[in-house]
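Labels for the chains are A, B and C, by order of writing; each one numbers its residues from 1.
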Amino acid sequence: MRVLQGIVCVIGASVIIFIASRVSGDVTLLLLPPDAQPEQHEIMRRELGLDKPYVVQYLIFASKAVRGDFGNSYRWQMPALQLVLERLPATIQLAVCALIFSVMTALFFGVLSAVYQGSWFDNFGKIFALLGQAMPGFWVGLMFILFFAVKLGILPAFGREGYEHFILPAITLGWYSVAAQTRMVRSAMLDVLDSDYIQTARAVGVPKKILIWKYALRNAAVPLVTMLGVYFAAMLGGSFIIETIFAWPGVGRTVVDAIFARDYPVVQAGVLFTSIFYVFSNLLVDLTYGLIDPRIRYVR
Amino acid sequence: MAVREKIPLLSVENLKTYLFLRRGVVKAVDGVSFQVQERETLGIVGESGSGKSMTCLSILRLIPEPAGRIVEGKIILDGTDILQVDEQEMASQVRGRKISMISQDPLTSLNPVFSIGDQVGGPFRYHGLKKDRKGIREAVVDVLRRVRIPSPAQRLKDYPYQFSGGMRQRVVAAMAIACGPRLLIADEPTSALDVTIQIQMLQLLEEIQQETNVGLILITHDLGVAAYICQRIAVMYAGRIVEFGDVRTIYKKPSHPYTQALLNSVPRLGEKKKRLFNIEGQPPDLLNPPIGCAFWPRCDRRRDICQQEYPPTIPIDREGYASCWLLT
Amino acid sequence: MTSQSAPARNKSSIRWMLRFPWIPMIILFMVFSSALLGPIITPHKHGALNLGLAMKPPFWQENGSMSYPLGTDNMGRDILSRIIMGARITAIVALWAIPFSGAIGALMGMIAGYFGGKIDMLIMRLVDIQMSVPSLALALILAASLKPGVATVIIVIVVTYWTWYARIVRGEVLSLKERDFIALARVAGCSAWSILLKHFLPNIFNTLLVLATLQLGSVITYEASLSFLGLGIQPPDVSWGLMLADARPYITVAWWVIALPGLAIVITCLGSNLFGDWLRDTLDPKRRQL
């Protein structure tokens, strides 16, 4: 049932993308040099199918899209779908790395802040989270480049050759979510540490380290894990700008370039696929909840 | 019967546990002393806020920090003062191993995301009693059987929500007795249970005591429960023991006005009374406890001196005592 | 007992003064006064090119001078002036975009929540669908289609952000709908619109206000992202995001051109976040009794 809703969303998304692209009116104005003759505009318009009414255009687009034909890129004369799919793995990889980074950081800082509540570590963490939330992700990325790549020269800032190329972009992409996730983990952990069942475990002599990292953590991680899908979707959203900064060969950067070039087939294909993943990861949220909390598993 | 002078299993001497809050200091436990023998059941009776739970948390050193602190006293278990032991040794040697606790609310005492096999296996694993998975599994099944969980081997992978309240309480009991403790503390083990299940729980505790000679401290506000299973009773009020003694003596001839009031509050079958007896007044404010006897605002036989000075401890019979000016 | 209340009241007003967000207010005051006074207080004209003085570092470094306190960029423009003018644009964008998106979002949220049924489903479907498209992507596409500029940025922000307000307002309306005073108003024969305006609006106003303040930082960052990518504010207007984009090729040579505008963004966001937090805590009905 949820899947159905998701499909509706994707279809709706495609409509929105379509409309947004066409809002300006005549595309050919931007594609042809300014001194082109009106007839050339006409020819191009007909070639690209832009002379038909919008509804017809959309239907043609949709029917082709379902079959996997997103048309050819205006710039590269290649199927738009192929362009997008080639670059999709790079984006997914980056998003996954970013998610791993943010979750690990959030768990580490969140748990320790809760356990040592009120200590300098906790206060330091709070201030850091506050600052982190105020800093725009892309600026952080630029600062990282400035500091690590330019001044210190130890980490690469462009491209995707080796695993060290992942470090700066992944941290920057994950940056957006770290503050919120840390706060969530800390707050959940504080609640759990106060609970009766942790007291029971303490009373039977479970050592402190295991108490925190095995027993309490599993309970505190529940809200975070259920939101993983949402955070992954957020990473996908942030990929547009982060990939542009780090020259990362992923869908995000491709779409941004395509938008500038008014290369609509690529734009449509790229954003639509990102939307599909977006919707998909939000759906995944419900499924993961059942895995973590055994009570829900059986209620279905 | 000759009185045997045994070395007590547990000896609590002048225990004082205070809570240092922003608003002031709460003297939750203010000079409590008692002893528990092997195979004996001591009941601690009182209202909420009397300090009974805090006393037992203090024995296990589980009081909430940093606000709470044991400021004075000795707790001697089998000859060793466990207040001097460091935290790590406390966790690995004492808690769960020599002293165990069954807490009050079975619905929240078990971790919802771990199976009961995992949780009951915890004590075995962390006290090093069993090393391999098979050994732990067998031990868990065995202890679950002892607490009368049906078909324990099949239920190891089940989660707490799949058990009823009474069963969950038994699982908690299993965790407590897993490593064969010398002292068991049961904090209101029956308060959250149905009346019919309560008896079963008490019987279970008795069986465990007979099997293992464990000393039992039972905390309760229910006098009927206390009468059923305890040999001696300590009545607590505002952080102190106001009366102590053999269960029969206390029920037949209570000496302290508070104890008398408690007993009068329990309606008895066959008695015709127009109104239920109620103890007047409110429980004491522990931030600003009254000077003198803490019970004097609610006592119907109070004298002036009760307000000025705390009453001395007057011995009663062989082992009992009470703190009241009326007895002098 | 009565003698205790007088000192208690003094104590709580002192506490109120201590808790008052002085620093965020100062920050916000600085930003908005830059916005208002703009061209009057800039030491130089923000667009004045002076290639001879290009790439001067800030005054505390060697080669810098107090006449260009924060240095100059690659075209010799004074960075401090540009930052001040950037504050102006930011303020304009925020002051238009936030009320509009809030109003539209609140309206949709109220309609959806109050009337329920098919209308609710329709509106929420719309919200879901729009939220399926990554917001920045949608913004970029829109901005490219319409001509980039201040007006476009405002429109794009409104289109992207109304959904947040709609969702939250709908939630509030749903919880208020069942309350007695609404039923009484209905019984009294008030029309739906008057109920919405006179009864719901005052109650959700607080939430709206807090939400709007907390959105300020997000809107600023959003505008900066758009401008950075080139689809937001266009020259000769200045925006902090635009300054960052201009500075990017010179990152190896001049750190201040890229660090300082970003710092302006951070400080402003920090100020508005803290202010929003304070506002939320103060307006929280659970606190009002104090």
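By our rule, a residue touches a chain if its C-beta (ideal position, glycine included) is under 8 Å from a C-beta of that chain, and two chains touch if they have at least 3 such contacts.
Worth saying up front: this structure is predicted, and the values here are computed from it rather than measured.
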item	value
Touch-based graph of the chains, sorted into line, ring, star, complete or other	line
Chain of greatest Cα-centre distance to subunit A	B
Distance from the mean Cα position of subunit B to that of subunit A, given in whole angstrom	54
Rounded Å distance between subunit A and subunit C, as computed from the means of their C-alpha atoms	23
Mean-CA-position distance for subunit C and subunit B (Å)	57
Sites on subunit A touched by subunit C in the complex	5, 8-10, 12-13, 15-17, 20-24, 130-131, 133-136, 138-139, 142-143, 145-146, 150, 233, 236-238, 240-241, 244, 255-256, 259-260, 262, 267, 271, 274-275, 278-279
Subunit A to subunit B touching residues, read off their complex	195-208, 210, 215, 218-219, 222, 292-295
Residue ranges of subunit B in contact with subunit A within the complex	60, 62, 87-88, 91-92, 94-97, 100-101, 103, 105, 108-114, 119, 122-123, 126-127, 159, 161, 172, 175-176, 178-179
Subunit A partner contacts - residues on subunit C that touch it in the complex	125-126, 128-130, 132-138, 140-142, 144-146, 217, 221, 224-225, 228-231, 244, 248, 251-252, 255, 258-259, 262, 265-267, 269-270, 273-274
